[in-house]
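Common to both upcoming complexes is subunit A, partnered first by subunit B, then by subunit C.
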Partner chain A sequence: MLAVELDGDAVRAKSGSMVAYDGRMTFKKLTGGGEGLRGMVTRRLTGEQLSVMEVKGHGTCWFADRATEINLVRLTGDRLHVESGNLLVTEAGLRTGTTFTGLRGASQGGGLFTTTVEGHGQAAIMSEGPAVALRVSDRHPLTVDPGAYVAHQGNVRQSFQSGVTFRTFLGEGGGEAFQIRFEGEGLVYVQPSERTTFAGEV
Partner chain B sequence: MPFRAVNPKMVEATVLPGQTVYSQRGAMLAYRGEVSFTPSIRGGQGGLMSMLGRRVAGEAAPLMTVEGSGTVLFGHGGHHIEVMVLGGETLYVEADRLLAFDGSLRQGTMFMGSQGGVMGMVRGQVTGQGLFTTTLAGHGSAAVLAHGGVVELPVAPDHPVHVDPQAYVAHRGEVRNRLSAALGWREMVGRGSGEAFQLELSGTGTVYVQASEEKL
Partner chain C sequence: MSGCPAAQGPVVHDPSSLPADDNVNAYTFCVELAGTQWFLQKGKMIAYYGTVEFDGVGHGRLDRLVRTSFHSPLHASDWVVAGGHGKMLLADRAFDVNSYDLDDGNLTIRSGNLLAFQPSLSLKQSIVPGFLTLIGTGKFVAASNGPVVFMEPPIRVDPQALVGWADCPSPCHHYDHGYLTGVLGGLRALTGVGGASGEEHQFEFVGAGTVLLQSTETLMPERAVGEVARGAGVPGGGPCGPEGGPGAGSRPSGQLGGLQRRFGL
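Entry: the complex of A and B
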């Protein structure tokens, strides 16, 4: 559960994720993710639709969704990549957008596009079970199961790795046929549960 | 000890060259370093006979061998993970609850009927575990999955422990288990308390109980 103290300022939250509030609050639906007409069209086209509401007022507002764990991420000018379904709340000072992920998205069941959050402020992301932040540096690259990946931030390059061998076709695969490799400098968030993905089947 | 709990639902295993860790297939979340994952068609240690034994016993959970040098994060389905360190004793656990274990542990299959005769076989049926269970013996550690948190209950000779069969996770040491039925006329007329069968564990050792009556 996430508590947000508001003092006349605003946050953007996933529609329907408010569980309680005290004080005075107004909830306004933002059509198309609150990114204007162009953002709305992009989101419709890419399937990364964000159903977002703007919460404004004085008091405390509590957010939660499907009893998932909530992780707070502080952004100081850097960029966070997260699946739109895993994004719960962003501060009003953060901009959201859409980027192309390529083959990685298809393998983790998140589609070919992902949501980016940029600017200064805090964002709350959801994960199934407590997520851990793993540091990636140039000397220590990290490899992640696509089903357990939640989000990443910083200057990180990702590449898609496949361990498909003849054994996979015989139905005796290791269950780890596809992986995402992260290189560069940044943080990767990993959850203890694996989404059912195409990659998990082989 | 190669397993370290990162949080209640993730463990980190340190893999060193020349050492093998066995894990459930698809349970890797992330890794660092040069680590390779190979499906173990034999389903664990031993030769062809061990493999056949496990297949026949229905204790052949798909495993993979993890080798190389680096650290690997394991987790599965958001379930709780309990790391158990063995110092020479034997751990009895269902194959599908076993997330990962050290290659230094000897893996085996045990027939339930050998503990408690016919009642042992009935016990396997009631708990939904089947007639066989997996044993791990030796020095090393194992990561076991459970639904909800796990408590350790000590079993002493004059202090037997009764466990709901569905909440039972694993046990270790010199423990005898016996199914005790508390069937009365109330169960027959459909007014049972819902606790008709219990596992009675006696001897010396430890039994692990999960906070849920749900199987994995």
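Entry: the complex of A and C
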């Protein structure tokens, strides 16, 4: 559960994620993720739906969603990539948008597009079990299972690698047929659980 | 916006700060590979640094491992060998994971709970259906629904809470005999009228050893451990007796699982 103290300022939260509040709060539905007309059209086209509300007022507001773990990420001008379904709360100073992810998104069942968060402030992302933040550097590239990937931030290049061999088709594959490789400088968040993906079956 | 007490942000791990063969948090385990190998269940790796290869068990150069580590190869197709250099994170559906050391010992564990083990241990199919036995010296990782509690026998445990046992000579069923044979209790158990307490049946352990319990009665999903060779006197080996010959669907022992099972169907 995430407690947010508001003093006249506003946060954006996933619609319906408020569980309790004290003080005075107003909840306003933001159409199209609060990204204006252009964002609305992009989201509709890409299918990366983001249903947000703006919470404004004085007091404390508590957010939670299906008992998932909540991880706070601080952004200082860099960019966070996260699936729209995993984004819970963003501060008012953060902008959200949509980008193309390519095969990585398709392999984890999240679609070809993902949500980006940019600016200065904190964002709360959800994961099944507490997420582990792993640092990626040039000396230490990281490889992640698509089903366990939650989010990444910083200047990170991702590439998709496949370990599919003829053995996979014999049913004796290594069980880790699809992986995402991260290189560059940044952080990757993984959850201690794997979503059911196509890749999980081979 | 100020968050929960832990608002200072997450702990960031890199290869040097990750522990070697220890838990990162209650749900994630880190394995250090330095040219060594680990066995893990398919699909339990969540991330790794370095160069790690995953190979299905039971072909080519890994065939020897099946002989030395899987004495019953019937379930070997559910396991992969991770080898190489680097650090690898393991996790299982956000369940608690813990590592245990065996020192020339034996431990029997529910098949769905075992996550990974070192090749110095050998994995055998227990004669108790649905359980696997690890024998030897080495480390293994097991998942449980909630933290694991270690108990000393003599003890009676709820079937759903049992994770496994080590060095125990006598796991057996125990029925609350007095209650079930009593007039009132018998009527209740037969008809369901009045309800049963739900605790008439337990597992009983006596002797020296350790019993592992999980702190919930929600079972982890079972994993198929493979069929046992059919034959009279083999528990779970199908009907035995005069008419119970080898079943029609049985395979000669020594083969890996059927094609359907390999594809997870």
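Going forward, the second predicted complex is superposed on the first by the 202 of 202 C-alpha atoms of A that agree within 3 Å, B and C clash if a C-alpha of one lies under 4 Å from a C-alpha of the other, contacts with A are read in each partner's own complex, and residues count from 1 in each chain.
What we mean here is this: contacts are C-beta pairs under 8 Å (C-beta built on N, C-alpha and C of every residue); 3 or more make two chains touch, one makes a residue touch a chain.
These numbers come from a predicted model, not from an experiment.
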| item | value |
| --- | --- |
| Joint occupancy of subunit A by subunit B and subunit C, clash or fit | clash |
| Which superposed partner A:187 touches (first subunit B, second subunit C, both, neither) | second |
| First (subunit B), second (subunit C), both or neither touched by A:142 | both |
| Per-residue contact with subunit A, leading partner among subunit C and subunit B | C |
| Which superposed partner A:3 touches (first subunit B, second subunit C, both, neither) | second |
| Touching partner for A:57 - first (subunit B), second (subunit C), both, neither | neither |
| Which superposed partner A:133 touches (first subunit B, second subunit C, both, neither) | second |
| Which of subunit B and subunit C A:85 touches, first, second, both or neither | neither |
| First (subunit B), second (subunit C), both or neither touched by A:97 | neither |
| Those residues of subunit A which subunit B touches in one complex and subunit C touches in the other | 128-130, 132, 134, 140-145, 148, 163, 167, 172-176, 188, 190-194, 200 |
| Of all residues in subunit C, those that touch subunit A in their complex | 1-4, 6-7, 9-15, 24-25, 27-28, 41-50, 52-59, 77, 80, 89, 91-94, 97, 256, 259, 262-264 |
| Subunit B-facing residues of subunit A, complex | 128-130, 132, 134, 140-145, 148, 163, 167, 172-176, 188, 190-194, 200 |
| Of all residues in subunit A, those that touch subunit C in their complex | 1-6, 9, 11, 70-74, 89, 91, 121-122, 124, 128-135, 137, 140-145, 147-148, 163, 167, 170-176, 187-194, 200-201 |
| Residue ranges of subunit B touching subunit A (in the complex, touch as defined) | 6-10, 24-32, 37-39, 41, 62, 64, 73, 75-78 |
